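Going in written order, the chains are labelled A, B, C and D, and every chain counts its residues from 1.
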Amino acid sequence: MPLTLTRRNVLKFVGGSIAGMMVTPLPWKLLDDVAIWTQNGPWIPKVPRGPITTAFSTCALCSAGCGIQARCVNTIPYALSGIRNHPANNGTLCPSGVAGHHLAYHPLRLKSPVQLFRREETIEVQPVSSEEILGKISAAVAISRNAGEGTLALLDQRPGRSVSLFYRNQLAMHGRGVYLVSPTDPILITQCLDEMVGTSFGPVGYNLERVRTVLSFSAPVLDGWGTPVQTSKMLAHRGSSGQKGARVIQIDSRYSRSAQLADQWIPIKPNTEAALAFGLAHVLLREGLYDKALIQSRALDFQTKGKHSYFDLVGRFTPDHTAECTGVSRDVIVATARALAAQGPSLVIGDGDSGGGPLGREAEMAVWGINILLGALGSNGAIVHHRAVPAPKEFSANGLSPVQGVSDIPDHSIGVLLIDASEQGDPLPWSLLERKLIPDQSLVVAFSPTLTGLAQHTHYIIPTPAHLEALTDVPTMLSSATGTFSVSSPLLRRPEGTMDAREIMGKIFEVEGTLEELLKQRTSAIFESRRGRVFKASTGSSVQLTELGSSDELWAELTAGGMWMDDPVRSKPLPEFHFMGRSPAAYERMLDAGEGISSSNEPDAPRKITVLPYGRRAEVGGAQLSPLMTKLYQESGLHRSSKVAVLNPATAKEFNVANGGRGTLVTERGTQEVTIRVDGAVMPGVAEIAVSPEPVGQAGTEIVQEQDILELIVPDQAPTWRAFRATLQKA
Amino acid sequence: MDQTTVKKSRYGMAIDLDRCTGCGACLIACAVENNVSPGQPKVNERNGTTWMRVFEVQDGRPFPDAQTAFIPMMCQQCEVETPCVSVCPQNAVEVDPETGIVGQIPQRCLGCRYCMTACPYHARYYNWWDPKWPDGMEKALNPDVAPRMRGVVEKCNFCHGRLHEARARAAAQGSRQINPSDYIPACVEACPVQAIAFGDLNDESTDVALLARSERAFRFLARLGTETKVYYLSGRDWVRRLADRELARSKKETLHG
Amino acid sequence: MDKLLITRGVQRSPFWKFILWILPWAMLLAWGLYGAYLCLAEGLNQTNMDNRFAFGLWIYLDLTVIAFGAGAFFTGFLLYILKRHELKSVINSAVVLGLICYSGAIVVLMVDVGQPLRAWFTFWHPNVHSMLTEVTFCLTLYLTVLILEYAPIVMKNRQIRKVPSYLVFEFNLHKLMVVFAGVGAFLSFFHQGSLGGLYGVLRGRPFAFREDLGIWPSTFFLFVLSAMAAGPSFVLLTTWLVEKLSKKRLVKRETMSYLGKLSGVMLIIYILFKSVDTLIWINSTSPSSGFPAFEYYDRAAFGTWVLFAEVVLFGLLPALVLLRKKLRERMVWLIPSAVFVLAGVALNRFVLTIQTLALPTLVFDEFLSYMPSWQEVATFSMVIAYGVLLYSLSFRYLHLFPQERELTQPY
Amino acid sequence: MQKGALWFLSGFGLALLIGWYAFPQLLYRSVDQPVQFSHAVHAGEAVGMTCDGCHAVSDDGRFAGIPTLEQCAGCHVDVLGASEAEKYFVEEYVRQEREVPWHVYARQPDNAHFSHADHVKVGEIACERCHGPHGTSETLRPFEENRITGYSRDIWGVNISGVKSNPWEGMKMDDCVACHKENNRRSACLACHK
């Protein structure tokens, strides 16, 4: 019976096969397995498996010094939380801190040294050896030392660390070394006080627990200015807790977070803070709301009559005149001054927004002036004097290069600029820095873990360990009432090609030693001072330093999420001082600051808008942001980047732009496209724009230059960039 | 021992809107804890993934009198007639009778997005892209939460991985009852101003149960009748009026009328 | 070969003309396939849907197309169950249209879901409470029925019927037509209804949410009724279009008019119920969940005119025209009325799918807009192109209109 | 008619052969374990280790699963016995401080949460209930990996039809659910999914 191959037979065979297949597991198991494949395919990320451990350290993203507890898998941290009862954060963390362990994986992370080439919109990098870069720096340093051509400048993005002392020490010994900090750095604010007093007043802090009224001049008081514990206490009277807290009055041109959260928001014309400070002083003086005997005995420029005296200066700023300058109504000025005096203890904070630029020396001195009149500074005041964190003796012996703001040094003077961007600090317009360089002859090198922020403008970058890979100490926060010291110990192994800033500087200046040794020396100095208390992460409580057996024991606590807090000292009585400082022509400068650059008075070319840049602490200056920060920026709009301008509806109408539409901002320095957001709460005539670029969630194929609103600043305008004018067109 | 000996819980939250500063720590802590991937280059406010979203709202008054409130909003864990549960064609969503938590199983989900249209709180998120992390970051994922894949829906489950952990911890001591302090969602833990209370609403003594009964407490869209387990607290009248449109309208009428 | 396939006794255009007609549609199909490929390979980020607009063009058009495709079940039901023999002349065409609409909708759904390879979970782990489960089961089953109904039409092709066993098979199938029509009507009733229920159950979307009537929300029944109104109109309109394009009379005028009457009767019933439903919803359902109903019509382009257009302009008006014998017997009245009926049903589906999602729920939500991406448009064009192609092929090679020979016979 | 039936039957038969015999062969990939380990030796009288000496639940309820190299190296700092496998293990892994890339027979996917503490300490279920008696095995059987899903064959069970001859065969969700139902345990998805 031959089996003939006919069409019919083939069909029957196929039919049989199909029927047979249905009673085998094949189709059904395949269906199931394919579905499982869609659940577990190789393109779906897999979670790590391994032993779970807990590690402790301190967050170094800002100077709050929050204690962090890391849950680790295979010793790699996968989630961070705060350490309970920690004096800085009591178990909580800010958004940047909570994702701090991601910074090591930043899409623009560098793991070997590179040379940069800035193209039109992108940056190309080429690998170079660190020896080559160090050789170039050493040669340039030698030229600057010997030939006297150009200075050697070091910009410290996080002043106040132990390594900062090392820098200042080396720069002092170099002879032509300059130690630079951002003009917004809090150190410069205390320098203003020093100028009034005539000598170094010493570190000051704010005892927020003692005050009933806080007046803030654009400081982000409720948004990262203090530690989480301090902020929480200031907000404690809200909601259900029934606790008491300070009343916060926020003076701000922007509808900032602090303005939103404050008990009272006083909107003010941009750059008129000095005038308002004088206006408030005027009311205090006129109504005698100050300790006359004390002030008259201490203030050296407080003659009730004389021309060019403080009295004379403030006398010009009557409530009406101040109202005219600042746009704040007369009644509000008077009421605020009275409230400060009546609902004491009160204090005034002049520290500007970290992205928005400094208030300016004169305005800061005007603010200190009010503090003095209110008695906030002095024996019973809420602004307290504290002692510096003990340091190894060798630093004081060798001398320290003075701290200078970038705008304080002459143009075209820097031959070699080293930028320590290993920690992110306050942002700074590159244009401000660029004009300090000797054109076409300078060498600019950054030490940075990522290709972000100022590092994008340099010639070379030597990569440093990222946050939580690096060992570093956390300096005392401005808001802290006593000196504090904590150490951020590495939780992650640093990549092979990275060097910490101490190693790099050690090579340049040919100094032996490591950062760890430096920090241990500092720890010994603290231990030997026998002062203060130590918070222990392991027990969640503090003990007297003297209860610790050795410096090594202190070191062990500090590197495991601990914190050293100095004992408070009795506040110094108010020393003799000049309200207007001691510089020549002080009166004129102060008057200018008050009357001066109020933007409303300048005859404007039509269609110009006042841009108000701002920043958020730990989310600016290098924008070393966790890739997950796209959640706050691109994915929810809760935080805004440099790509978004927020305008009052009336202003939007005036400039013919619509909510969600695009606009182009133009200054002499360039143009920037922004998305317009309309917000009825914003002051008319201004555009609020954040300085941070958008966080990078995923690396692109090429490195795109950051779009930062600060790039539009025309450097000649003013030493500050709190407000600048630009044209706005519909894009 | 029977299942019935285990106490039934109704986990819930109370969020104090008068304290929330809109910092976003909760949002980031949530994304870290739950292995939510960073946004793709084209991501925006409408196609990103934020199990927890903080809305910034104003009372509508013009400069300079405007008032702002921040409203953290995650899955409201509807207890009754849970809108997303009945719509799912393949049982990928359910309310756990033991905890009251609305669970979403992405591996069961076929990505029809019907549940998303059903949710009035916009608390559900679809993976429009393949979840991807920068190089090396996969080693830093939370081992207790499975990453999702493109084409499925995900949402807040009160950090269920932490409940698993707490249960395992209890089990190691031979107990079925977890220690309440072992189970705190990441957003609650991170909040710098401690604006969020979390716990078992069935247990009268917990903070959250007390707060839920307070005069300041309200729930969003309560009239839908879904009995959400996330309570909001505010003493500010205009904030409380945001609860639903009828209330919001009554305010406008008094203003104009 | 072409000639040999064409039904005996009917005239078809020359082959090259047919190819010329097919070509642009084939190109559209290719473009659509590319769009669908992108959505499957790259993911739905290729669309402009997002978390807030989780359903977009596809779901809207699926719902519309399925309503239009209702002609197949309704005609079958009337013909085979209620023995309205005047519909025999359009039943084949109605079946092809139904098949196109349903298969097309399912193809688009497979692109629309994020995990098509897991879509069978609905059968294995069904949630019986979900309207979508009901829709999925009924759709797939009814599609099978439609294929079985289409099969005899294919088998009557001049060449295929040469195989004797096929003829036997066809004959047997034909005998079962009553069963298919019955099953089809049953399934269609449920899935048309469930598609309405899909939105009616959305408690969280008070714009769409409706009270229950029995175990289903009122939209369940409204969808069944409106689909029954749209179906005959769609058959009518396509028949008229094919007549115009092929320049032939295919169906008797009485049949056309009868289809119009069917639409009119169903539409007036639908409009009646819809009006009552709307009043209950405005005055009770919506406000009781905290949503004043007039606010829905307070936003952007979606004013009360939408409701007016749906109920009066595209509802009452064509219904009244179609119910008047004198008017519906004249093509100038009949055809525009059919267009209005379809527009009304399409608008209803649009309102329920798109407007529901555009409207805010939380007080601080904004009214949202959505515009489909080209990939979405392409994917749907694919279905339209596929429909035109399948219909063209069916029309050319299968005997869709039994009266054609009689009507085109030179006297 | 008969001839036709023969064609049909041959197709049917071939399909059966492919579906029942060839398919499982193709579906699974067999891999040897990196090191041959004898449970019998370790748990035997000579060494006398107990099961939880290596597979222990920690205080926080986490299950250590397969011991890490560190634990093994606690004894095997040097070659202790005469076996080739041990020598290989010491040279290739202990000396080079490389973790052994064991293939885990019972490995569940990422989305499954399984607490050994819950099942063993509270539920008092014996290890063998799910893992089978393997404490006396002399060698490690080859690991069979599903080529499509990457799952271990133990998850589906050794029998391709899904029929189980021992209670520990099969570690699919259905198997978990069956036991949970039987004992009236948690049934919510999230109880076991993460």
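What we mean here is this: a contact is a pair of C-beta atoms (placed from the backbone, for glycine too) under 8 Å apart; a residue touches a chain by one contact, two chains touch by 3 or more.
Bear in mind that the values here come from a model prediction, so they are computed numbers and not experimental data.
*Asks:* By the touch criterion stated at the start, how many steps lie between subunit C and subunit D on the shortest route?
*Replies:* The distance in steps between these two chains is 2.
*Asks:* Can you check which chain pair, B-C or A-D, has more C-beta pairs in contact?
*Replies:* Result of the comparison of B-C and A-D: B-C.
*Asks:* Name the most central chain, where centre means the mean of Cα atoms.
*Replies:* Going by the distance between chain centres and the overall C-alpha centre, it is B.
*Asks:* Average the CA atoms of each chain to get its centre, and name the chain whose centre is farthest from that of subunit C.
*Replies:* So the chain farthest away from subunit C turns out to be A.
*Asks:* Using Cα averages as centroids, what's the distance between subunit B and subunit C in whole Å?
*Replies:* About 39 Å separates the centre of subunit B from that of subunit C.
*Asks:* Can you check how far apart subunit A and subunit D are, centre to centre, with Cα atoms defining each centre and the answer in Å?
*Replies:* 53
*Asks:* Averaged over CA atoms, how far is the centre of subunit A from the centre of subunit C? Could you give it in whole Å?
*Replies:* Taking the mean C-alpha position of each chain, the two centres sit 61 Å apart.
*Asks:* Using mean CA coordinates as chain centres, what's the gap between subunit B and subunit D in Å?
*Replies:* 37
*Asks:* Which subunit C residues reach two or more other chains?
*Replies:* 115, 118, 121
*Asks:* Of all residues in subunit B, which are in touch with two or more distinct other chains?
*Replies:* Each of 40, 44, 48, 107-108, 130, 144-147, 149 in subunit B touches at least two other chains.
*Asks:* Tell me, which residues of subunit D touch at least two other chains?
*Replies:* Within subunit D, the residues that touch at least two other chains are 60, 62, 109-111.
*Asks:* Write out the stretch or stretches of subunit A touching subunit D in their complex.
*Replies:* Its residues touching subunit D are 1, 3, 8-10, 12-21, 23-26, 29-30, 33-34, 36-37, 39-40, 42, 46-47, 51-52.
*Asks:* Considering the complex alone, what residue numbers of subunit B touch subunit A?
*Replies:* So the residues of subunit B touching subunit A come out as 16, 18-19, 21-25, 27-29, 31-33, 35-41, 43-45, 48-50, 53-54, 56, 58, 60-64, 66, 68, 107, 130-149, 186, 189-195, 211, 214, 216, 233, 235.
*Asks:* Mind pulling up the subunit D residues that touch subunit A in the complex?
*Replies:* Those residues of subunit D that touch subunit A are 3-4, 6-16, 18-20, 23-24, 27, 60, 62, 64, 68, 109-111, 146, 148-151, 156, 160-162.
*Asks:* Within the complex, which stretch of subunit C touches subunit A?
*Replies:* Counting only subunit C, the residues touching subunit A are 115, 117-118, 120-121.
*Asks:* Which part of subunit D faces subunit B closely enough to touch in the complex?
*Replies:* Of all residues in subunit D, those touching subunit B are 57-62, 109-111, 113, 115, 117-118, 121-122, 184-186, 188-191, 193-194.
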